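To start, the structure under review is shown below, and the notes come after it.
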Amino acid sequence: MPSNDSTLDARIRESFAKQGLMQTLGATIVEVAPGAVTIALAASPSISQQHGFVHAGAVASIADTAAGYAALTLMPPTAGVLTVEFKINLMAPAKGDTILARGRVVKSGRTITVSQTEVVAVSSGEEKTVALLVATMMCIEGRAGIAN
Amino acid sequence: MPSNDSTLDARIRESFAKQGLMQTLGATIVEVAPGAVTIALAASPSISQQHGFVHAGAVASIADTAAGYAALTLMPPTAGVLTVEFKINLMAPAKGDTILARGRVVKSGRTITVSQTEVVAVSSGEEKTVALLVATMMCIEGRAGIAN
Amino acid sequence: MPSNDSTLDARIRESFAKQGLMQTLGATIVEVAPGAVTIALAASPSISQQHGFVHAGAVASIADTAAGYAALTLMPPTAGVLTVEFKINLMAPAKGDTILARGRVVKSGRTITVSQTEVVAVSSGEEKTVALLVATMMCIEGRAGIAN
Amino acid sequence: MPSNDSTLDARIRESFAKQGLMQTLGATIVEVAPGAVTIALAASPSISQQHGFVHAGAVASIADTAAGYAALTLMPPTAGVLTVEFKINLMAPAKGDTILARGRVVKSGRTITVSQTEVVAVSSGEEKTVALLVATMMCIEGRAGIAN
């Protein structure tokens, strides 16, 4: 039974708040919907690579998180989600004011869910696609320490 | 001509120091050799995911950086490196005292270099493999803003 | 200058006809458009894996080919295309009458193009998504033996 | 309990023989050991791409199969294996007399196994690495139609 219940938004945000990395990077949840989660990250020198662009690792971090929570929205309320693997293509330098990672479920399964995240850089209100992530997520139930 | 000259170590460390993300995460360069770079990251709540493990994004960030610099060590001294894409398998929860990302070049080419990073978690001196990253790196020469 | 000229369709089909593997598998080109190529494969025991489904390798073969030709449609008429890497998620067993691989360009660049292929299995006219491939393609010009 | 019993070799070869695609391509099993399987493919025009090299899809097919059977060697005797996803880097044109895919298990788990395959082209007895595949394999037990 998917968890597109009234508490979905609260559960995802509560879980997100526990992610120390997201706070450290300055990332925030923008939107939660069944099968789709968007995360935003303000570009800043503290998340840069050597040429001043946003680091591929920071881009991957929010893209993976968006993909994982998108998957979690369609899992049972008591389940946790773990990333089995992901692949990301960096298609353009990530520069701009804000980086948006839009994760959505491509295929939801009992054990394995495939999610995809499109990452765009927003400069003066204009969007440019900078990365594409595809991830394999695993639904974990009844394992101590792995929930939501 | 690979850049395994006397200035190699200094150039890589200087470039690494410009990566705001590595400082923000608390990552450090452990070793630089021709075709191989190792990066360390101390586990802490500030880089965690929701279950308390080190976030896959933080693991990917140092693994990508190690893979990129490993590639750069075999490129001309004036070249810069960009990540075209990477794929990472998270094989075990990243928990321990320190996370080590050991990047090495698998195939060095004029334009494209393939690198691989093994990520291990060190707990009380014992190592456990937690992730495997394979990356496609691109050698950039003569493009404004992209060097070292 | 993209090669969406009048000869585009003929050039792609001529190149496809040189692919011994496509003939061996029984694959055919269904559609060629600027930035998009579709390839079809009739399911049969000669391309099966051990459980009787179409082999992941056969699925990947047509998906890679569709992605590569989709990229080639946007390259100069004299260019050749090589697959740098691809990643494929097998989301459901590939069983049915026909397997369709719909490749399209996600991001076209001078050297690197990113393509994505959705693979569907068609059974009694009904489609089911069975795989998703993301590929990094390289434009090759002026290298002996690599054209179209 | 891993299936490194006396029947291991026979079970893998029996399963391989059911793969129509491997016969169609002309692939053969060279070696079976616990955690490692090698498959060979004779280069020929019937498995070529448009420039005359062995098609990336044929390379991926034997690499995926080697990775899958390497995983299966460490699974219970009654289990079946399915490829969840794989990623392959094509590092050099696959040309030569024979293509060898050497699969080995990187991390064996109850549900998920990560395998890696190195693909080499053999020309006049000399080997050259042409591709690297990393795959996520899933252990299937008790599902009708999915065994060995």
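Letters A, B, C and D mark the chains in the order given here, with residues in each chain numbered from 1 onward.
Keep in mind that, in the parts below, a contact is a pair of C-beta atoms (placed from the backbone, for glycine too) under 8 Å apart; a residue touches a chain by one contact, two chains touch by 3 or more.
Computed from a predicted structure; not experimentally measured.
Novice: Counting C-beta pairs in contact, does B-D beat A-D or the other way around?
Specialist: Pair with the higher count of C-beta contacts: B-D.
Novice: Just going by residue numbers, which of A-C, A-B or B-C has an interface where over half the contact pairs are the same as at C-D?
Specialist: Equivalent chain pair to C-D in A-C, A-B or B-C: A-B.
Novice: Let me check something: if the centre of a chain is the mean of its CA atoms, which chain is farthest from subunit D?
Specialist: A
Novice: Where the CA atoms of subunit A average out and where those of subunit B average out, how many Å apart are those spots?
Specialist: Averaging C-alpha atoms per chain gives centres 22 Å apart.
Novice: Taking each chain's centre as the mean of its CA atoms, how far is subunit B from subunit D in angstrom?
Specialist: 29
Novice: For subunit A and subunit D, let me know how many angstrom lie between their CA-based centres, rounded off.
Specialist: 33
Novice: If you look at subunit D, which of its residues touch at least two other chains?
Specialist: Residues 84-85, 87, 89, 136 of subunit D each touch two or more of the other chains.
Novice: Quick check on the complex: what are the subunit B residues that touch subunit A?
Specialist: Of all residues in subunit B, those touching subunit A are 15-16, 18-25, 44-52, 55-58, 60-62, 64-65, 80, 82-90, 93, 145-148.
Novice: Touching residues of subunit C toward subunit B in the complex: what are they?
Specialist: Residues 84-85, 87, 111-112, 136, 138.
Novice: Report the residues of subunit B in contact with subunit D in the complex, numbered from low to high.
Specialist: By the definition above, subunit B touches subunit D via 87, 89, 91-92, 106-107, 109, 114, 116, 129, 132, 134, 136.
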